[in-house]
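In what follows, a structure is listed as structure tokens, so that the remarks can point back to it.
Per-chain residue numbering starts at 1, and chain names A, B, C and D are given in the order in which the chains are listed.
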Amino acid sequence: MGKIVLSAILALSFSTSLSHAQSTWTGGDDLPTSPLACDGAAAAAAAFPYDGGEPTDAPDRKGKTLTVVDVPKLVGIGYFNATSKGIADAAAEMGTMNAKTDGPSRANIDDQITLIDNYITSGVDGILFAANDPVAISPVLKKALAAGINVVGYDANSEPDARQWFVNQAEFNGIAKSMVDAMAAEIGEDGAFAIVTSTFTTPNQARWIAEMEAYQSECYPNMKWLETVEAQEDNILSFNQANTLINKYGDEMKGIFGMTSVATPAAADAVTQAGQCGNVAVVGLATPNAMKPYVASDCVKSVVLWNPVDLGYAAAYVLRAVADGTLEPGATSVEAGKLGELQVINGSEILLGAPFVFTKDNINDFDF
Amino acid sequence: MSMAVNLPPIRPPTGQKRPGLLRRIFAEYGQECVVLAAIVLLFVVVTLVNPRFINANNLVTIFSGNAYIAVAAIGMAMVIMTGNIDVSVGALIGVLATVAGTLAVSGYPIWFALVAPIFVGMAVNTVIGVLVAYAKIPSIVVTLGALSILRGGLISVTGGTWISDLPPDFLIAQKRLLGLPVPFLFMIVLTIAAFLWMRYSAFGRSIYAIGGNPEAAVATGIPVERRLVSVFAIHGAFAGVAAILFATQLQVIQSTVPPNLELTIITATVIGGVSILGGSGTVIGSTLATILFATIGSALIFINVSAYWLRAVIGLLILATVLADMLRRHRRT
Amino acid sequence: MNLRALIRHETFLALLLVLVLIVLSFQSDRFFTVSNLLNQGRLMTEIGLIAIAMTFVIATGGIDLSVGSILGLVAILLGVFWQNVGLPLPMAIVAAIAAGTLAGFMNGFIITRFRVPPLIATLATLALYRGLAEGISQARSVRGYPDWFYVLGQGQVLGVPTQLWILFAAAIIAAIILAYTRWGRTVYAIGSNEVASRFSGLSVEKTKLALYTASGFAASLAAVIFVSRVSTTRSDMGTGIELDAITAVVLGGTSIFGGRGTILGTIIGLCLIQALKNGLSLAGVKGDGTIMLIGAVLILAILVSNIFGRSGSR
Amino acid sequence: MTSHEPFISLSGMSKSFVGIRVLKDVDFDVREGEVHALLGENGAGKSTLIKMMAGLYKPDSGAITVNGEEMKFAATGDATAAGIATVYQELLLFPELTVAENVFLGHYPRTGAGWIDWAAVRARTRELLDQLDTHDLDVDAKVLTLSVAQRQRVEIAKALSRNARILIMDEPTASLVESDVQRLMQVVRQLRERGVGIVYVSHRMSEIFALADRVTVLRDGAHVATCDIGEVNEQQLVSMMVGRPIDSLFPKAEAEIGETVLEVKSLNHGRHVQDISFRLRRGEILGIAGLVGSGRTELALTLFGMTPATSGEILMEGVPVHIGSPRQARDLGIAYVPEDRGLQGLVRPMAIRKNVSMATIEKLSSGIFIRARAEADRAREAVRRFGIRCRDIDQPVSELSGGNQQKVVIAKWLETEPKVLILDEPTRGVDVGAKAEIHTIMGELVKRGVAILMISSELPEVLGMSDRMLVMSGGRVTAEIDRAEATPERVGAAMTAHRGAEAA
């Protein structure tokens, strides 16, 4: 018993001392942040030279039917079902692409690498990927390039030279701006908020949070950043964590950011069940299907997300263009079917467009 | 609690001196006491740091938010008491939650959507139980295999879609009865019912007997194989109830396997004092341990433990509980 | 009887492996090629190293669930020692491996000194070590290692992936130790009857302590190879690898109750799983179908070997 | 009370395992109110016969008739229903459950609602225990806290709770001390008075002659004879069992007693080893007598390093030594053949070869590698020397009979060439033939100068084999008696003495 008391006290003192040192967000990686201007004026687009890779001895694939594999971070979640659907739509439209989606059942870097490796061996023409880790995935992608396979990323990038092009759904700083702006609009420029994310090591989430902090401290210095909690990809845990935040801060907390498709609906549900709709705003990244009940009940005003179906669709078109040789290093735009002309940014990235904001009016038009 | 049932033996036989009630409880339910003490201690300390910790809403979060884990741990406790283990239960709960949600939105009556997972859970675990009891494959092997099959199967079939538009009456975990959240009531009622059943029914006692001495159980005429299958089936039924609580907590269901759920459930069970060597422990311990985990999780947020160190602190607390129990046992012998 | 049952399981498993290889090569002509097989070897090295140590641990009737967390912790420490502490990389590697080995020693210490059942002890350290990895890393990953370091995980020696040599060496050494030395004999004796082993003057506690330490060491070595293979460190590395390793060991015929098992069996089990993963993928079966099949194979293999084992022994 | 119609009769019972016939056409019957002793060496088929009566094994052929009605026992429940209960040697109780629960497990009295009626369970258990003159047993105690004798009483109560007409007792006295044996025999007589038929399996002749009405002898799975106890004597029974005459039950070999090998001064460990001092000389057999809990086994464990001494001095050949582990004890030349063969003595699933080499594996290795040929040679030599009956040295010891298993344990320890050999209950559960062989081995050892410390619950064995004996009680030595002066009375008195009051 004494041992427990001792360790509990130790744990407590240990933790409180740490909490003082802890400011808001220090996670993510050490990459610099680049917050957008507060008024939304587009920064002058600096022209970057192409920094992507090139496949070695790629056969001429112009106009030929391509065998393509799409390897998302993981299968079995709504988001990547939607990207997969976009890819399938594009493939059907083109008629010259056999695309199939296969991914790990857990968001696990090793399983993903193994899968890609297998597909290199099986001899596909193109690989579409969404990386679980930007660095870890790079060696295997380079191997794919070396085998003459066209490689295009979407959703989550690798190192630039490990793929040819990356379809950027929205730049990190763009998402950050949309999220923080939406929150500020709902809770005012001096409100306090907290964040529920999956894990601190998830790269996209970590980058978004880092950009959000940079943008908020620059543009809304009076907003108060309360804390960030982890909730895995577990919806009940997300729900419990959001509840605990509501209980801890009471009226002090005006808003919750949900950083994943799992955390956002769970946070919205926590707010709903706590009877705090209207008092605590929920802003987050999520797929529309998961958010429909909360948007319908007016508890959540806006859900930020690009359209993942479009993301997959664009990625498929980019791959086609690369294989055909119509998209070459130095190009400034690419034609992507019904999406029209997409811009090239940062040398080897293709921007899908501004993030999409789902509201009560349009959310029922989407099904993913 | 009704007094109609016979109380367990407490009064000493004539002419014999027996140790005090408290001491007896501590001797019999030592681990439960350790866990309870840890919960009380955490409550006291954290409340001193931040009094909001014990506001009513937070108590609901702590006691109700993880109730589905406690319910699943009841079945797990029975399985572990027979000397077996089940690492597939997390995947099973994911599957059953999806079954419940799919039935609810496909126009089946709500009662059916709520009852079906229980029977599906029993059916799946009956197969596992048969493989363990009759084919004599160690339970960890069968359930490792079942884990892969259930997880892979769920992904192939559903692709992890969200199920929304759930009928409001289906969402029983959000409702309250007598002012108390339904998951909490489920947890308390099922824990007490299971405890009493295991203490007062011949079947319940045979679970302890099989775990404590399987050979003797055979010689005493207990149909060990059949009982094992039944225990797994009952465990499946509890997984079904847990899945319903899991599925109806939010207005949407994601048809995936909750990450590491089986480890959480097993950890709660063993920290609660159920011996992995079989034959001893109670479901009260596993429920208390679930509450302890929920308390730790909430407490660490309330006292501003850096989220980065959160899991390390949880690990440390689990280790401390384990060591405290071991020291207690050593002192006793 | 015991020995015969053992041989039977491995023979059966080897036959199954051959069968799987033949079937899969008919499914895809890219499967049974030297480069693909070598590549598969590269991919299974980390699990292989851990499974080899796990075979010893399970043969004593124990289990080590914390290996995945040790792997994550060592990966993080490697990065932190190199980048934040500023040690030269070789020193950082040694220091990180030493720390992981110490983590294994801690497992052994808790298990032998406090008599905590291994399942519970390593369940607790599973949470603790992963938590330490997260706390130390502060969710940062470390990248940009010098090129020579990648030889370990991405390079080749004599046309064979570097780490495959390490796996070969480890497997052969482990097989010899388990089969022909008094240490191996002690492992089996402890797994079959720990009390009698102690009464026979065998160093039960020391052996167990050494095994959990070795398991920590194997996980550490796997961590370094893993980091070298994927060029980065993350605190979530190795999540769930313990179940993969245990699956390979159990499929390989090691009794979960202890006293029985061989390295050969584990290696065959490992190859079988890897062949299925790779071959089915090449044959167009998706990942989720593959894990279902592996689950079924695990149950069926043990079932069949149980049936044969029993009809032979009575 | 004795009726002449048998309550149960078995005729023509046969049973084979993997083609080996372990029981050949055996007839056996039991009447109500008689004690029918079942005799035979280990492997003679006694347990197979018992297990058929209990419904655990199904006979290949033969018929079981109960009360004139032919029965098929498909499961243990059928035998129980027919009024047959068994008290097995390895008591089949549930350690974590209470006494009362153990008695009524599987046939609890129920309340109207179907729940277990705990009040009735406890009351009826109390009643049954009182009938067995066991008033001191707490019905709520967990079985794991009970002594062997108490557990046995629980087993008997369990049998009575099912209204058993026939009670089978498999070596009930094998692990009891003398005083408990007397009490048990009292209980058996009482049961007989109440008309219960008892099948009594034992190796101890004295008990059989004191209790039995009839005796049946089995050998090699076949029925040898059934006769009234008055018609035979001990010699006849023994030769019927082993198929050859046995000269002497306790062949005390004369050996030259040399200088002191082991000297212990004021040794202490916990409650059970207090202030123990004695000397042990080369070629001497020092017997240790005492009740269970007197500290005899604990003393052995302390000398062997399992529970190292907390104070006191141990001298090996005059040199003070520290013994902190069995390994150190072994290296100093101390060997211990433990009390519980299956748990402590042998790794049962392992081959004879590996068990024999277990304590000397370093000696049989070059570096860390085991020299397989040397190991096999040693094992073959041991099999030959001790006459271990086995298929080959790679046969798992679990397949051997009790006596042969014990010989393997002894062989293992003699491989270490010990100076001091501690034998704890060396002949418990060993049949008559093997027992004599083990005694002969002991004789050979002392002739070669080994010093033996022998712990035994069987008083005749201690008296018959020892040169000197220590009697222990309450963790202390209460008497040290020379062979010439040792009488059962004197030793018995010292065994129950308090705190060295009767130190001789």
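Convention: a residue touches a chain if its C-beta (ideal position, glycine included) is under 8 Å from a C-beta of that chain, and two chains touch if they have at least 3 such contacts.
Not measured: the values here are computed from a predicted model.
When the partners of chain C are compared with those of chain D, the chains appearing in both lists are B.
Of the two chain pairs examined here, B-D and B-C, the one linked by more C-beta pairs in contact is B-C. With chains reduced to the mean position of their C-alpha atoms, the one farthest from chain B is D.
With centres set at the average Cα position, the gap from chain B to chain D is 43 Å. Per-chain Cα centroids separate chain A from chain C by 33 Å. Distance from the chain A centre to the chain B centre is 35 Å, each centre being the mean of its Cα atoms. Multi-chain contact residues of chain B, defined as those touching 2 or more other chains: 151-152, 155, 306, 308-310, 313, 316, 323, 327.
Looking at chain C, one finds that residues 134, 137-139, 286-288, 291 touch two or more other chains. Contact between chains, per the stated criterion, is found for A-B, A-C, B-C, B-D, C-D. Of all residues in chain B, only 87, 131, 135-138, 140-142, 144-149, 151-153, 155-156, 263, 266-267, 270, 276-277, 306, 308-316, 318-319, 322-323, 326-327, 330 touch chain C in the complex they form. Partner chain D is touched in their complex by these residues of chain B: 4-9, 12-13, 16, 18, 200-202, 205-206, 208-209, 212-213, 215-222, 279-280.
Within the complex, the chain A residues that touch chain C are 26-30, 75-76, 100, 102-106, 108-111, 113-115, 117-119, 121-123, 133, 135-139, 199-201, 206.
The touching residues of chain D, counted against chain B in their complex, run 54, 56, 75-77, 80, 86, 88, 92-98, 100-101, 105-106, 108, 111, 113-119, 121-122, 126, 138-140. Residue ranges of chain B in contact with chain A, taken from their complex: 34, 37-38, 41-42, 45, 49-50, 52-53, 55, 57-58, 60-61, 65-66, 68, 151-152, 154-155, 158-162, 164-166, 174, 246, 249-252, 254-256, 258-261, 294, 297-298, 300-310, 313, 316-317, 320-321, 323-324, 327-328.
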